[in-house]
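Okay, so chain A shows up in both of these, paired with chain B first and chain C after.
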Partner chain A sequence: MSVDVISSDLLNVALLVFMGITAVAVARLRNLFAVVMLSGIYSLLGATLYVVLDAVDVAFTEAAVGAGISTVLMLGTLALTTSREKATPTARARTAMALSVAIGAVLIYATLDMPLFGDPSAPINHHVVPRYLDESLEETGVPNVVTAVLASYRGYDTLGETFVIFTAACGVLVLIGRPRRRKTDGTGASKA
Partner chain B sequence: MSAYAFPGLANYWIAIVLMMIGLYVVMAHENLIKKIVGLNIFQVSVFVLYISMGKVKGGPAPILADNITIYSNPLPHVLILTAIVVGVATTALGLALIVRVNEQYGSIEDDDIRDLENAE
Partner chain C sequence: MMHRKIILRIVSKQLIPFILLFALYVQWHGDFGPGGGFQAGVIFAAGFILYGILFGLGTLRRVLPSWFTRLCLASGVLIYSGVGVAAMLMGGQYLDYDVLSDDPVHGQELGILLVEAGVGLTVFAAMVTIFCAFAGRDRVTPRKN
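Let's look at the complex of A and B:
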């Protein structure tokens, strides 16, 4: 095994650990501005990890959409609402902790049957994938297999995705797009 | 020991730990923005799980070139590309709902809103 394979594996685990630290900080902090910024950092760490794991297209999208647009949307929401969180009741936190530890334990038990990381003989790397890798250049003329599958073989999926975004945009516009009369009874409409 | 002993299953385990931190944030916190951030943490960790499964040791990114015979798996990448974009659409809708809730109740804390509902 060559040196750069080992170093990329170390980088992979190190990035995952950083993501873990960021996530724990998100769970503990109550300043929502810091929480939103950390969630942007979390996304960016994820994007870096995707580059290490060879998913360059995904990394690009995550950096632009996950770390960029999501963070901007959340900051906008903070500006329209509040940036301070109240303390969490301990009973509720304890129940949530117990539940998530239990679910996590079950999921980790389930991974014991999975093929090891990076194994080329894993079932996920067979069936339809060799066909895409062998034939897509001839059939679509696009050297990037991800683009070939996304835009050509699964073009209708991508069209459906566009409908989802359109629907979400309509929903957002219906909810907060139009100017509203301020209520006269005092509550609400504080800064909007 | 096989050549795939490191990181072995550790990638999946850390992804699951991240997932559970996200789930904990969603369940434990009353603040609606914090819940959306928790949902994002959960979402990115699911993406990491998928992309980890598609990695092939020694294989470069699936962009075809001469002299290369082994590539990482492109299919999880395609799935996750779609999921990221759909994820930001749902985040935007959730945040718009939060802004509306704040206008209506003057609070984005789940328990405050419940109290106001019960008082009416």
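Let's look at the complex of A and C:
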């Protein structure tokens, strides 16, 4: 094993350990302000992991959306509601814990069937990917394969995604877009 | 409260032009390096959101009135779907960029550029809209009069 492989393995393990610690801290903390900050850190660690996996475009999105915008939006939500989490009864917490462990075990069991990471005979490396890698530059003139796939070969999907974002913003506008009047009438508790 | 954080305000004010410039770089350089409309839109919005956090929603809304962000929101998806319709009018299939120019490769480059611009515009406007909607609300807990 070369030094390069060992150091990249070390980096992977270190990042995953950090992500694990952050996840446990998010679950245990009651102060929601700290939880929001920690989930931003979690996203940043995830973005670093994507960089290690050479998925720079995904890393870019994760850093911008996960660590940046969603942190700001969560802080905005905290400013509207409260920054303290209410304690849940222990019985319910136990059920939730059992459910989470069960689902996690099923997911881990499912990964056992997956092809090894980087396996050249894995289906992902056979279907359409070789064609994208070999011909996208000649066909689209765009050197970044990710952009070529996203905007051209998978143009319909990206159109759908853009409409999803458009719809999300419209939904927010419809629900809470209008600034509420300061004066509330007596019955207006549910008038949001 | 923010009026007293002078270092934060001045440093951010210096940084915002570079954030916006970087977003434009990510947008137009997405064909060659990592990035594209989605990331660029988010970064561009982040510059304005930073401005809004520091100088208040009212100041942000003077720079970016709500009619403007709504216009951006709608025109982004219109540009994207318009490229598809243009391809149909020019004799191709929906979103088939080959027919947009005499040379199919040029058509693809043009189509990808326009489509990415549409994505960037919508994502930017959506992020600013959602931020302003959240920031413009009062606290939900009942107030004592």
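Here, the second predicted complex is superposed on the first by the 179 of 192 C-alpha atoms of A that agree within 3 Å, B and C clash if a C-alpha of one lies under 4 Å from a C-alpha of the other, contacts with A are read in each partner's own complex, and residues count from 1 in each chain.
Methods note: a residue touches a chain if its C-beta (ideal position, glycine included) is under 8 Å from a C-beta of that chain, and two chains touch if they have at least 3 such contacts.
Nothing here was measured: the structure is a model prediction, and the numbers come from that model.
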* Asked: After lining up the shared chain so the two structures overlap, which partner does A:L80 touch, if you call chain B first and chain C second: first, second, both or neither?
  -> both
* To do: Answer with first, second, both or neither: which of chain B and chain C does A:I176 touch in the superposed model?
  => both
* Could you look at A:V72 and tell me whether it touches chain B, chain C, both or neither (first, second, both, neither)? => second
* First (chain B), second (chain C), both or neither touched by A:L159 -> second
* More residues of chain A are touched by which partner: chain B or chain C? -> B
* After superposition on the shared chain, which partner residues are touched by A:P143: those of chain B (first), chain C (second), both, or neither? -> both
* Asked: Between chain B (first) and chain C (second), which does A:V13 come into contact with in this model arrangement: first, second, both, or neither?
  -> first
* **Intersection of chain A interface sets (partners chain B, chain C)** => 56-57, 61, 65, 69, 73, 76-77, 80-82, 143-144, 146, 150, 158, 161, 165, 168-169, 172, 175-176, 180, 189, 192
* In the complex of these two chains, what residues of chain A are touching chain C? -> 56-57, 59-61, 64-65, 68-69, 72-73, 76-77, 79-82, 138-144, 146-148, 150-152, 155-156, 158-159, 161-163, 165-166, 168-170, 172-173, 175-177, 179-180, 182, 184, 189, 192
* Asked: Within the complex, which stretch of chain B touches chain A?
  -> 2-25, 27-31, 33-34, 36-38, 40-41, 44-45, 47-48, 51-65, 70-78, 80-82, 84-93, 95-100, 102-106, 108-109, 111-112
* Structure fact -> chain B partner, complex, touching residues on chain A are 1-2, 5-6, 9, 12-13, 16-17, 19-20, 23-24, 26-27, 32, 35-36, 39, 42-43, 46, 49-50, 53-58, 61-62, 65-66, 69-70, 73-74, 76-78, 80-82, 85-86, 88-89, 92-93, 95-97, 99-101, 103-104, 107-108, 111-112, 114, 116-120, 122, 124-125, 128-129, 132-133, 136-137, 143-146, 149-150, 154, 157-158, 161, 164-165, 167-169, 171-172, 175-176, 180, 187-190, 192
* Asked: What residues of chain C sit close enough to touch chain A in their complex?
  -> 26, 30-36, 38-39, 42-43, 45-46, 49, 53, 70, 73-74, 76-77, 80-81, 84, 95, 97, 104-106, 108-109, 111-112, 115-116, 118-119, 122-123, 125-127, 129-131, 133-143
